[in-house]
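For reference, chains read A, B, C and D in written order, and residue numbers begin at 1 within each chain.
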Amino acid sequence: MAEKKRKVGILTGGGDCPGLNPAIRGAVIQASALGFECLGLQEGWKGMITGEAVPLTPGGVAGIINQGGTILGTSRTNPYKKENGVAAVLETFKRLGLDALIAMGGEDTLGVAAKLYRDHKCPVVGVPKTMDNDLSATDFTFGFDSAVTLAMEAAERLVDTGRSHRRIMVLEVMGRHAGWVSLYTAISAGADYVCLPERKVDLEDMVARLRAAYARKKVALVVTSEAVDLGDSGQEELDEFGHMILRKRGVAEKLSEIIEKQTGIETRNAVIGHMQRGGAPTLFDRMLGTRVGVKAAQFAAAGVFGQMVALRGDEVVPVSLEKATGALKIVPAEWLALADLLCTGAAVQAASAAGAR
Amino acid sequence: MAEKKRKVGILTGGGDCPGLNPAIRGAVIQASALGFECLGLQEGWKGMITGEAVPLTPGGVAGIINQGGTILGTSRTNPYKKENGVAAVLETFKRLGLDALIAMGGEDTLGVAAKLYRDHKCPVVGVPKTMDNDLSATDFTFGFDSAVTLAMEAAERLVDTGRSHRRIMVLEVMGRHAGWVSLYTAISAGADYVCLPERKVDLEDMVARLRAAYARKKVALVVTSEAVDLGDSGQEELDEFGHMILRKRGVAEKLSEIIEKQTGIETRNAVIGHMQRGGAPTLFDRMLGTRVGVKAAQFAAAGVFGQMVALRGDEVVPVSLEKATGALKIVPAEWLALADLLCTGAAVQAASAAGAR
Amino acid sequence: MAEKKRKVGILTGGGDCPGLNPAIRGAVIQASALGFECLGLQEGWKGMITGEAVPLTPGGVAGIINQGGTILGTSRTNPYKKENGVAAVLETFKRLGLDALIAMGGEDTLGVAAKLYRDHKCPVVGVPKTMDNDLSATDFTFGFDSAVTLAMEAAERLVDTGRSHRRIMVLEVMGRHAGWVSLYTAISAGADYVCLPERKVDLEDMVARLRAAYARKKVALVVTSEAVDLGDSGQEELDEFGHMILRKRGVAEKLSEIIEKQTGIETRNAVIGHMQRGGAPTLFDRMLGTRVGVKAAQFAAAGVFGQMVALRGDEVVPVSLEKATGALKIVPAEWLALADLLCTGAAVQAASAAGAR
Amino acid sequence: MAEKKRKVGILTGGGDCPGLNPAIRGAVIQASALGFECLGLQEGWKGMITGEAVPLTPGGVAGIINQGGTILGTSRTNPYKKENGVAAVLETFKRLGLDALIAMGGEDTLGVAAKLYRDHKCPVVGVPKTMDNDLSATDFTFGFDSAVTLAMEAAERLVDTGRSHRRIMVLEVMGRHAGWVSLYTAISAGADYVCLPERKVDLEDMVARLRAAYARKKVALVVTSEAVDLGDSGQEELDEFGHMILRKRGVAEKLSEIIEKQTGIETRNAVIGHMQRGGAPTLFDRMLGTRVGVKAAQFAAAGVFGQMVALRGDEVVPVSLEKATGALKIVPAEWLALADLLCTGAAVQAASAAGAR
């Protein structure tokens, strides 16, 4: 006890998601057990610039495993985009006496960590977090299971009301660059069509399949990512209404109009939006968050820096931060085939089967 | 058994909501026990025009108590607004041999029932359904508890992410004429401010209270009805962006902009929309739906027509359809006082208490 | 501010239930707004004996509306059953300078409050809490809706697995003296039979109805209160296994054996137990808890002592504590008739309807 | 279309669990798309003995992805334990003209499939299902995520009421041979101690840790598998009460008594039991069930028989049925270390940290 304890800082940056608190908790419990003092930097890299930090103890974080969001706060502050930002971060490292820093966040947050390690040998360990699950270096990131679980439930609610009103329903979920959220939502909610950023929407095909599904069930469900390519049909409308309006309107509303026009069936849409970020983490995200948090603390103790913890199969392993950030994991062909089979094939086959009877 | 059985028709009209299936189930089980044959008219009054109906049996409806929506389908078709609509309805009464008709729906659906009884002595019994809970003739209508439960959970999710990002969050819920949904959502989710159709929003007051709440918690939550009076401040913005845009944008987005501008605090909004209509009914709505459905069948058997079943305290009683429809129940002064105390007073007092320390 | 503030104490006694925290929150916010300082006595009447208390502020309780249990702790300590207990309570009143005391609890907790008011003019206000909903002085008590909601969900899970295995399932829920919990659970989960303390179980009738339900669905569900009269059939078994064993075994297990023996159908049982007490309060319990908490603080401020807050229809009114405690509200004939119709009649009619086809 | 379609049978055996319906659905949709006619054998191997089967179509199974249990029914019937059972199964293969049979179930169900393939070259494909997740041939089996999710929520409810009453709570979950369910439940619910079949419970250690946790939080949670070794301490009590009683009583009750006796702290217990089997499958189980169902149909079409579908990392691969069944996956050392860190270390460290302040 006479010896000075080693110190580890923890921060969470970028958009928040369920699983961050389990990860913080895991890191603090493991780091403390390994003899570290833990400090929670406030609001992501902003905290490393201002030096604002609070002590974190196992007792203090014991009860946060079921809380959504992050107790440390988060921000999109990037020291590389602030004047003297990097100098301030390096100064905070010194002033707080940090022997290690665990940075939890997405591409941007981890990108900062990668540069600090490369250029200044800062003792950083990364914990990946992308609600969209689009990071190629890891099989899964926490937040995804919780977000899709909510989207799946929302989709089921939409089908309830859609069936009563004999409508087609369109649900828009997150996913700018990769369609994992819409893919999982569509499959798990038994949707009739799914639109992903990975491929241009074939409107003709979509309309044919929705008609078939509707003929059978008097309701149909489309799940779409927030960013998809609607082709010319989209562009036309864009010209008609002007650029500002399209940005304000989402894909769901746009799709909804197209579908109603082309099928003649009343169509309604809904957007999950910010609600998808909150809520208690699911079992999956609690376990994954906990495991990567614990492993990050082990890396910090072992001096394994410049690495990010990654889930590979059943194991949590280190992956170089520099290589890890920026490599996007898009939905591959075999999953697209599964989507075709389940979200679309079902309707068509059922219709033909019904016809065959 | 040699005697011809009496026949009762059942229909559901207007917007769907959780509780309709329990009500249908209750009506069918009770009517069958009282010797009726039951017929389910399809898609509200439309089914009484086309005559499309399916047999309903206790065994067939036994398992629907936990299903959202309505197994009978619904529509906004109003025979009084269709050429020969009323004649078709009267013809269907005869052709199907209905001794009674249980009509479940809101103001519009029950208004048709009231007129058919008044003008043609049609043997109708009404079952009220307004998700907004704004019918003065009954203490509660089913659907309200389920809808607010979902809104409450959505509000809590928004607070999770808002707290992480240090934001003010605005949630828009249903309620065109009365603010019951936003009032209950705000109180049950511990919101910091609530905006209702019943009174003009005092923007200055709102901003002051949100600032105080935010100072204490680094997050604040506003719950707003879909229709509120934002005064001049709203009009100004309207001119700036043009009429079409305002219609597309909701109250939440508008409020959000005002708040962010006036507080300087990042503000985000979400709209529940159609998701609020679906989902398994809550316990409360299953019990209420069941009770009014059973009672409606008892009225039908006893020849108590032209009446609607209403919850008064702990009892389900008949109320004249003619008087019942159209009398709006808005949020009264004592509930507004409770909202002031809980959704706003808390923040202010807490802030002053904190200051006093 | 120069004046000394009035002080109100708050305690929660007896078994905990969802809704206590909303009630504490409501009372603290309203009392503070009316100029009171608030003190939270620890662990029910025990806190009034030991004098252990913590300050409660609006800011401190703002976030507890969605927490199960009670932040004040609870116990079954009864000052009238402790040596010098009452004297200690009176001493604590003086020492803490309490101008009022809000006691939240069941028959036992409120009984103490009633005696302290009657014998010592202690300035007490009662807030009723019975998870069993068996207090005749009030229409509903908080905790009931949350507890039944959980039981309803558990019942639905049992039916899922029962249907897969072609079994009869028996669920035991709370309710020693009144069958409200089993009644509501049975109706809302669409059970095939319900056993209540209010009437002796007619085993012959039960078996006949379960056979009919099973013939139709290949599954059947019985919901039973923890205390019911099984008649001789129960006694026989008691002798066979001895007294100690029967106490250890619950009603569900006993019923299960009888049913399996008499129907020849595999039967399984489950007991909810303590899980039924926890969890976030439902919307209904948050609203009711909040309203009675607020009203109790208003009574305290107005000097309305010796009273309990009671829900009557849509209003919260005062009822004499002395009269209120001890008057049991059992399930009346009209509700039993509803149970007969829904939990049993459905199966029988469906079977006969099926036979008729 | 003139050609005779190939036929595939599907059955589900053993204990049911969430995920079976998604798997059936996936198999039917994929098999139909590959040109198969699908038949659902009733109640596991029993259906292959009696030949009772129903046609399954994509349209018919489209809506079952969110249903608990199995629409095909299940049983523990084992043709190898029935006179002429195997002969009857072979006869059914012929009579129904099955080109393939997909058998979904645990060790026992798949063991039958393995023998039928080995001894009679029956064209079987296995789909593993163990709610305990204790099959070494696959990373995860569906049902586990849903079961633990429910246990986790039950644990949280117990903590709510335990905290209010200042009690230690003990929750008993499934797991006869492996402790995965209790391990995941304990970690995800932030439990203070976990008892697994994999190692003898060190009562002294347990009591010390629970005391420390209780000192800090005034509540503690123990999660235990249904089968654990309590050592001598358990035996003593066994003698006292006799063998029959111990079988009736569960581990939770036993543990509860020991803890209360040795800590002097009031302790209560709960058993999840059959409730853990039902309920809508979680996202994870819907996706996994769907994927293995689809893959099983692909194997059937490709003539890959005598194999079981297994999840390995991110892929679904074939594993020999003969090798797969019977190899138990117990909790390995690294996971036990994680349990020690999280479920026990936290309490101890927090207590010592508190002491250090």
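Note that a residue touches a chain if its C-beta (ideal position, glycine included) is under 8 Å from a C-beta of that chain, and two chains touch if they have at least 3 such contacts.
The structure displayed is predicted, hence computed values, not measured ones.
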Trace the shortest sequence of touching chains from chain B to chain D and report its length in steps. 2
Indicate the whole-number Å distance between the mean C-alpha point of chain A and the mean C-alpha point of chain C. 41
Interchain centroid distance [CA atoms averaged], chain C/chain D, Å: 33
Whole-Å separation of chain centres (CA-atom averages), chain A against chain D: 29
If a residue has to touch 2 or more other chains to count, which residues of chain B qualify? 156
Could you draw the chains as nodes, link the ones that touch, and say if you get a line, ring, star, complete or other? ring
Along chain A, where are the residues that touch chain D in the complex? 26, 29-30, 32-33, 57-59, 62-63, 65-66, 139, 145, 148-149, 152, 156, 184, 187-190, 216-217, 282-284, 286-287, 290-291, 294, 312-314, 338, 341-342, 345-347, 349-351, 353-354
Of all residues in chain C, which touch chain D in the complex? 12, 15-16, 18, 20, 43, 67-70, 73-75, 150, 153-154, 156-161, 163-166, 169, 218, 244-245, 248-249, 268-271, 273-279
